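This report concerns only the one structure given below.
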């Protein structure tokens, strides 16, 4: 279990790194999908199979498809890759990298101050438990989420129209 | 899976933190809107990971509930964001966020 | 076996591996044979011969095709995006093959029929299968391929939406995602009857997911050459080609498992082999249905496909879902 | 019947609201109907109330109507209450009756003015505020009305605001009366502090128990109240605003600066007479102020050339009479004179307005002359009004009130006040008839055709006021006995006859002197004015004894100097520093708002980093 977790985590981090540094949007998306799949594996490893499978179906299978779809529609081509190459100079990376590292250091520091380690991954929380909670105490959140999706649907329809 | 092997919560949270920082790095460093959106997805995913891990720590389904809500959010965000990407490309002929900075004060 | 020195875990793992390899090989061989079966059947229905020269009834035609495909120059066009171009057929092949782990081919036989997320895994892999088409089409850097890929992606995403919903009725009745539980739940009646709407929509979605006729718009020869795999040849084309038939087998097997009781049949519990026979018969019934549809139906227009998905199948699925939910709740409450 | 009391001021208030919110969209006829009608209604109601009051007096001589509680904080409990007693009824009668006539006249006078509706909205607000002032059962409400009339006075003096001089006059009136109002407010604070109430009746009944006669507190309170009264009533030393206030339309001068508002000081002193009786020093000062103002204003009026300024100074001097009377303890004659003065001064002002309009907005009396044939009604008005002002014996209302004041002053032993009043009466008759002779006799020296006004709105107010200014007005009995203290001296007797004869003789002598000086060639006056001391004196008097000059040197210039010096002091720097800092912040924000997504994201991230750091390390 721990091995699976570590491997997935390593894949996730590397793939994410490649995703944000890749020049070609499609390659970046592929790396991102790999990263998401790896995170899904992490979910499996820590006993949340339902979340993991949703990660694959919704994140990798729907949202990322949408991304790829849009990239394909835009059909950016070689020029876009060249432009990305010109934009991505070390000077551009330096500042954000420092900022991100500081943030990461702070987060790690916070984690370091946490009380004694607590274990995760004992047993699984299956779809049944999640569903029961989702349509029980979190019913209002479900309704809000559906409203959000409806709003997003309308907004995307409006924005995506060809005027 | 005969014996319950556990791993420390910190590991999952550290992974979440790393992914979050990488997403932030992507947002800050990339000029292309597509990459910015992708980085946002990375950050949301990192947050979701933290929730699921915490839920797992307490043997509660709530973490995954929040994961589902984040998923909803991510889906909405991606659809609207990508529609905006299409509009930006249509209007400005580029995906450069700086070129589309017409709302500046 | 423990006498030879293997721990029980390793023994179990070995047995599982052997089972997996057997199923995998059987699947691939079946898929390959389907190429011949389909051509022969089409010939039969269309009043012509089909391949009948190589071997008995042309049975070795498959072998000949395979030899040709294996030894053909594996040419990668210079204008393609190599990484994606290579990955695409692998994704196509592996997603469908991977999904087969769920299917209990016979009592106690199957790679992971008890997986607690069960049918969801199939949905996840079907969702990932879209990437094969999209990457193949995009990486080819050719307009036919790209248009085919776009169509395919839109179609598959649309049909996946209600594919998942279609099986939820079955899941509700069985009370589990695991396919072994679903099969077990059908001991007192196949789900095809109470879940007929779900069966129909899942069948339609399955055809669309494997983009077989009449949902073969992504590769509509008359408009888009061969669609997303126009630029492919040799082994990589072979993988796409076989993947399609693997998909047909998979969807048929799932249909048989979800709606026709899988391996269930008289005496199957006592003799597992009999269960396998039942399962094979049911699966082949659906495979025949697939081929018959290809022979019989014209291809709809693209917008008709989309309309059919969103405006007809999705509402029907939702109605089915509501009805099933009400029924299940009433049973529980009553 | 009595419970309709609130309507008396509700009508004008409603008129004000309608006219103000119609924002000039109503026509002249409608505006006049609303403006005049509302005051007319309240006058009718006042008449009915007066009838009721006189025939069936309420228990205890006063009726109190509590409309609602305004606020209640600890011991500070203010009721929104109206009080109807003899004094407020008298004031109400003057305000609504004279006010209605002036409104009616103004409907004629103001026609064609672009601010017609605005004028009537202000006038209605004024009437409402003034009624509020006299009806308020609490000093707080009195103060509210006090400020309300001050505001209306400001608005109406500066009514023709396009001329900066009018605005300056309005501002002057406002600022000068504000000095008095501030003193008044402090007096109220002090009163509340020592008595714990601002309710007038309560305060008046508590005061004798609380204060020893002549105690410093009550003296201070009354002095502060006197400050307010002096400011509002244009008495020394806060009198300088009134002549300038003549910049407003003439009906305004008639209503506010002659008949009603300026007498509010008299009303205040009368209303709080109990306090003044406890503070003899203050009461003496009231009389002294009145006497001095009376004389100074009389001298100034002698040499004025502006018809309205003459009347303004005469108003000051007549209010001086009222103060003098109150100083002598004769509160009832003061209110009586207040009423008759309202009649004849309103008459004079309205007639002056008629003359001014007839002469094409000419106000210089030396550019008029010989108008008696062309403006017979105005001439009659001036004769009767001027006679009343000069206290022409027996025929005029002014004689009865002024004679009463002089008699009370004399009989109560205030001999100084008596002589000052007598001399003031002499001056009054001189300058009044100087004005009449110059304007209405001799040759016409102006430009353009003189055209008399006509119409009901023109004639009716003048005629009614003219009748009221004769002895008819002097016959009106005011139901003051229960409210104000009895006169210090007995009525009747030979001595009073002699005093009356003396004052009548003085008036007639003044008229005769004026006739001798200003009828005909005026050679003597011209020679007198040409002589060095005459030039000096007339310049001095003309400038009203240089009070404006003095105040300019004493207050205005030092203040302006201080402001100039202080223009960039520490506090200013601090205030300006805020502005500079804000501007710098704004520039920084503008620069930070550069439309770059990554910049915004970086800012947010940096903020998050800082917040987390703060959470961790603090």
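Letters A, B, C and D name the chains as they come in the text, with residue numbers starting at 1 for each one.
Following the convention adopted for this analysis, contacts are C-beta pairs under 8 Å (C-beta built on N, C-alpha and C of every residue); 3 or more make two chains touch, one makes a residue touch a chain.
Just so it is clear, the model here is predicted, and its values are computed rather than measured.
**Q** Along the graph of touching chains, what's the shortest path length in steps from chain B to chain C?
**A** 2
**Q** Suppose every chain is reduced to the average of its Cα atoms; which one is closest to the average of all protein Cα atoms?
**A** B
**Q** Take the average of all CA coordinates in chain A, do the same for chain D, and state the distance between these two points in whole angstrom.
**A** Going by mean C-alpha positions, chain A sits 81 Å from chain D.
**Q** In whole angstrom, how far does the Cα centroid of chain B sit from the Cα centroid of chain D?
**A** Inter-chain centre distance comes to 76 Å.
**Q** Between chain A and chain B, tell me the centre distance in angstrom, where each centre is the average of that chain's C-alpha atoms.
**A** Computed value for the inter-centroid distance: 5 Å.
**Q** Express in whole angstrom the distance between the two chain centres, defined as the mean CA positions of chain A and chain C.
**A** A distance of 28 Å separates the two centres.
**Q** Give the residues of chain C touching no fewer than two other chains, as numbers and ranges.
**A** Expected reply: no residues.
**Q** For chain A, what residues touch not just one other chain but two or more?
**A** Those would be 50, 62, 71, 73, 95-96, 99-100, 103, 107.
**Q** Find every residue in chain B that makes contact with two or more other chains and list them.
**A** Touching at least two other chains: 24, 27-31.
**Q** Touch graph across the chains, line, ring, star, complete or other?
**A** Here the contact pattern is something else, fitting no line, ring, star or complete shape.
**Q** Going by the contact rule at the top, pick out the chain B residues touching chain A in the complex.
**A** Touching chain A: residues 1, 4-15, 17-32, 34-35, 37-39, 41-42, 45, 48-49, 52-53, 55-57, 59-65, 67-69, 71-80, 82-87, 89-90, 95-96 of chain B.
**Q** Could you pull out which chain A residues touch chain D in their complex?
**A** Interface residues on chain A, with respect to chain D: 95-96, 99-100, 102-103, 106-107, 109-110, 113.
**Q** Note which residues of chain D are touching chain A in the complex, please.
**A** 598, 602, 605-606, 608-609, 612-613, 616
**Q** Over in the complex, which chain A residues touch chain C? Could you list them?
**A** Per the stated touch rule, the residues are 24, 26-27, 30, 33, 49-50, 52-53, 56-57, 60-62, 65, 68-69, 71-73, 75, 124, 126-127.
**Q** In their complex, what parts of chain A are in touch with chain B?
**A** Residue positions touching the partner: 1-2, 5-6, 9, 12-13, 16-17, 19-20, 25, 28-29, 32, 35-36, 39, 42-43, 45-48, 50-51, 54-55, 58-59, 62-63, 66-67, 70-71, 73-74, 76, 80, 83-84, 87-88, 92-93, 95-97, 99-101, 103-104, 107-108, 111, 114, 117-123, 125, 129-130, 132-134, 138, 141, 145, 148-149, 151-153, 155-160, 162.
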